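Two complexes follow with subunit A in common, the first pairing it with subunit B and the second with subunit C.
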Partner chain A sequence: MTTEPSNMASQSSAPAWTSLVLTHLRKDLRIEWRSRDAINAMLFFALLVVVLFSLAFDPSADTSREIASGVLCVATLFASVSALNQAWARELRHQVLDALRMTPGGGAAMFFAKVLANFFYVTIVQAVLGPVFFIFYNLRPLGDASLLLLVVPLGTWALVVNGTFFAALSIRSRNRELLLPLILFPIFLPALLAMVLSVKTILTGDGSDPSFLWIKMLGGYDIIFTTICLLLFDVVLQAE
Partner chain B sequence: MLPVTETGINKPEQSPNNLTPLIAHLDSVSRLFGSFAALRQVSVDLARGKCYVLLGENGAGKSTLLRILAGLLRPSVGEVTVFEDSEPRQARHRIGYMSHAPMLYDELTGRENLQYYRDLYTRPERSGCLNPDDALRQVGLDPALTRTVGQYSQGMRQRTSLARVLISQPELLLLDEPFSNMDVESVDQMVRLLATFRSDSRTIVITTHQRELAAPIADFIITLKAGRLHSLDAGRPSL
Partner chain C sequence: MKKFAIFLSVAGVMALMAWGFYQAMYVAPTESTMGDIQRIFYYHVPNAILCYLFFTINFVASFFVLIWHRNRPTMALKADAWALSGAEVGVVFCSVVLVTGPIWGRPVWGIWWTWDARLTSTLVLWLIYVSYLLIRRFAAGGGMQAIAAVLAVFGAVDMPINYLANRIWRTQHPSPVFFGGEDSGIKDPHMLAAFGWNVLAWAAWGIAVLCFRVYVQRRQQILDQSEAEAALNNF
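This part shows the complex of A and B:
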């Protein structure tokens, strides 16, 4: 207790934005590493959806290519929602969010770190899900498979950035488990459509999107919604 | 007892608060939750370097008053200024707020929690913050403890929470029921720690049901009744 109060104003300037993001991200990843709540819940749910769909449809190779993109995207979407619903649960518990509201850094860094963490969790689930998916649906992409490495992360980012934002928006609602999909799905629909059609084009190799219009749309969607969410998050965070 | 007007405003010329610089000023503050008024026309000045103990029954408005001072709630009516002319919301990094909940992550150790909060405040190289280990030692906890906060007892969580608040070395310290779930020895240790804190010209506001526990550091005792400022008495601090 040696610091004089008069010095505090100058000393308590916030750290650099990237440093704040890393601080929040480190904390989120450490907590997830210890609890594995989000990844376990998502993985179990996504695998279940993929296996059930493959048993229900028993598709031929051609049909698989037609429907696989939809099944993969919907499985990711539903699995992610279960985790995104809990994205801010730890901050709500024990009023941690109030303590974070008192810190000088602002909410955007906290939000961005949470998006990065959720993106990481969903990507891990997709990495496990992908091979299982290709085996169960007996898939062999006829188009440029390397484009999947662009399309899937772009679509996942669109889902996660909106999901994290709307999870925070519905945080104080009693029916937040119901509210999140109700708000998220309509907003995410254009990105979902772009993702499904892009993946389908890659799997079937039909050449229906030679100028990669859907991929460009996904990129544009990501930039617009990431910017909007970053700008508006402080308003959501400071709501009483 | 110091004079309190009908609206709850203690007359400035008669208040000993005027002898020292003000750190917070509440002018006819009311706070409504729907149709329920948690605070009604509360006016009070808080002086630098003093300890105020806030007493009142459940629902008297103690926690609401603290949250307004912390900038976590806005008054429905009235005006609050801290540090001369700032809104609490703009000066929150200079205020430490300890709720009755621990405000800590269960999955992290006490030290990890404190390091996280410290990193959110300042660049380490020009830090005015306490070291997490020192903060934990000050509240009587072992920094080497490897258990996560979720495995702590209530009293240990309370002490870690106090360390969290102290780490940023705030000028205005707001403590909501800090002595709940603590044994007598820990309370004594905490009160002595707060006395040191106050002697650094920092202001402390404590809400408690246990008046006698905070008495040794209480410069003033504010009593709230049904959301109104009922009295503001001078205390008899012994520390």
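This part shows the complex of A and C:
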């Protein structure tokens, strides 16, 4: 393997981008299926956060509608950070990351597959956590609950796409477990705000956001940051 | 000769700062509704404008780091010195904005802080660049510069959002004084003069600090390189 990965991508014999993504995705999902490290850790961690907040605040039905969106988002955030740290760290063993660098197609496909895989894990965690959450906080959404199916994935995508990117970015630093939240949280703040406010509007049904401005903002945020991450990932991957 | 030029420019910057202070505190008339607390405007807004300038310098320099870091490492190193200095000076200016804002807000609004779009995005901007400076400390090795440059691109994305925040949304933060529609602009010539002098003075100060910082950083880089070479030669 003497050619640069980026040159290989431009050759006509290089495999299609989607098939590259699928190959990487299959690999990631298979590793997770065999170990179940990420999902188990995330699930238990998020459950603990939900229980802790519930005990710490002991909210009434009205208060819980007000704070539930924030607790749910923050629980997801903390849980994902613990898993995202492992997303690239597990590739360091046996120099897998170096081998991946030499694969054809460049980093963007690998990155996108990693994001898809992590998005899948976090979504599973949310799907399990959601009902538990509604029980613990005695929630009954007063707004259009079906919108949750749009808002939560959009917010999760924003979290996972940035988290995967910055996990790769901080992989070579000292104490990377600490560094990831330090970079990720400031960047994720606008998306967190949009996500919390739109979930809160749905739960309380107060109609404070009739034109779905926050949901649109979340969508715009997703598009902008996914584009930047895809464009810049090769730089991060090849940085020595 | 060089020392004399440096001395002259430092003296010029100091004089400009003093003149700006005199204009803001003594020449500009007292605002009719807010009173003297309004004078903080002559520090808050110039610092906000200039923090955009320095973060833009950081962004442009980081852009060149990304272009050059593979093929022209020496040029990339130079650009990196500018990127680091731009971020450091920008964080100082942004901090001044974040400190002067609440000092004004407490008497005028009755609260120190509110989570409106302008204030939040300014805080996010500050946090992103602080994390930029943090990653430069944590990440070691030659890849650090490219990695920091990547993070700088993310910071730059927040800048237009911050600029547009009180133009798109209704914020508690006052609507833009400049380029904000028909009503905007300072009507009183003395106030405008005080504002202009302060922009100039703070810009001169910031650029002077930036140049010193770039110089120091370049010296540091050359020192590091010669140390690395010496270590290699000892083998």
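The rule we apply is simple: the second predicted complex is superposed on the first by the 227 of 240 C-alpha atoms of A that agree within 3 Å, B and C clash if a C-alpha of one lies under 4 Å from a C-alpha of the other, contacts with A are read in each partner's own complex, and residues count from 1 in each chain.
One rule holds for everything that comes next: a residue touches a chain if its C-beta (ideal position, glycine included) is under 8 Å from a C-beta of that chain, and two chains touch if they have at least 3 such contacts.
Remember, predicted model here, so these are calculated numbers, not experimental data.
Using the contact criterion defined above for the overlaid structures, shared-chain residue A:Ile224 touches subunit C, although it does not reach subunit B. Measured by the number of subunit A residues touched, the leading partner among subunit B and subunit C is B.
When the shared chain is aligned, no partner comes close enough to touch A:Gly207: not subunit B, not subunit C. Applying the stated contact rule after C-alpha superposition, one finds that A:Pro104 touches subunit B and leaves subunit C untouched. Of the two partner chains, neither subunit B nor subunit C is touched by A:Pro131. Contact with subunit B, but none with subunit C, is seen for A:Leu20 once the two complexes are overlaid on the shared chain.
Residue contacts after overlaying the shared chain place A:Leu193 against subunit C, while subunit B stays out of touching range.
Of the two partner chains, subunit C is the only one touched by A:Ile183; subunit B is not.
Look at A:Ala239: by the touch rule set out above, it reaches subunit C but stays clear of subunit B.
Of the two partner chains placed by superposition, only subunit C is touched by A:Arg172; subunit B is not.
Comparing the two interfaces of subunit A, the one with subunit B and the one with subunit C have residues 238, 240 in common. Looking at the complex, you find that subunit C touches subunit A at residues 66, 70, 115, 120-121, 124, 127-128, 130-131, 134-135, 138-144, 146-147, 149-151, 153-154, 157-158, 161. Those residues of subunit A whose C-beta lies close enough to touch subunit B in the complex are 1-5, 7-9, 11-16, 19-20, 23, 27, 30-31, 34-35, 90, 93-96, 98-105, 238, 240.
On the side of subunit B, the complex with subunit A involves touching residues 48, 70-74, 89, 92-97, 99, 101-108, 112, 116-117, 119-123, 126-128, 130, 138, 148, 164, 166, 168-171, 196-197, 200-202. The residues of subunit A lying in touch with subunit C in their complex are 169-170, 172-175, 178-179, 182-183, 185-187, 189-190, 193, 224-225, 228, 232, 235-236, 238-240.
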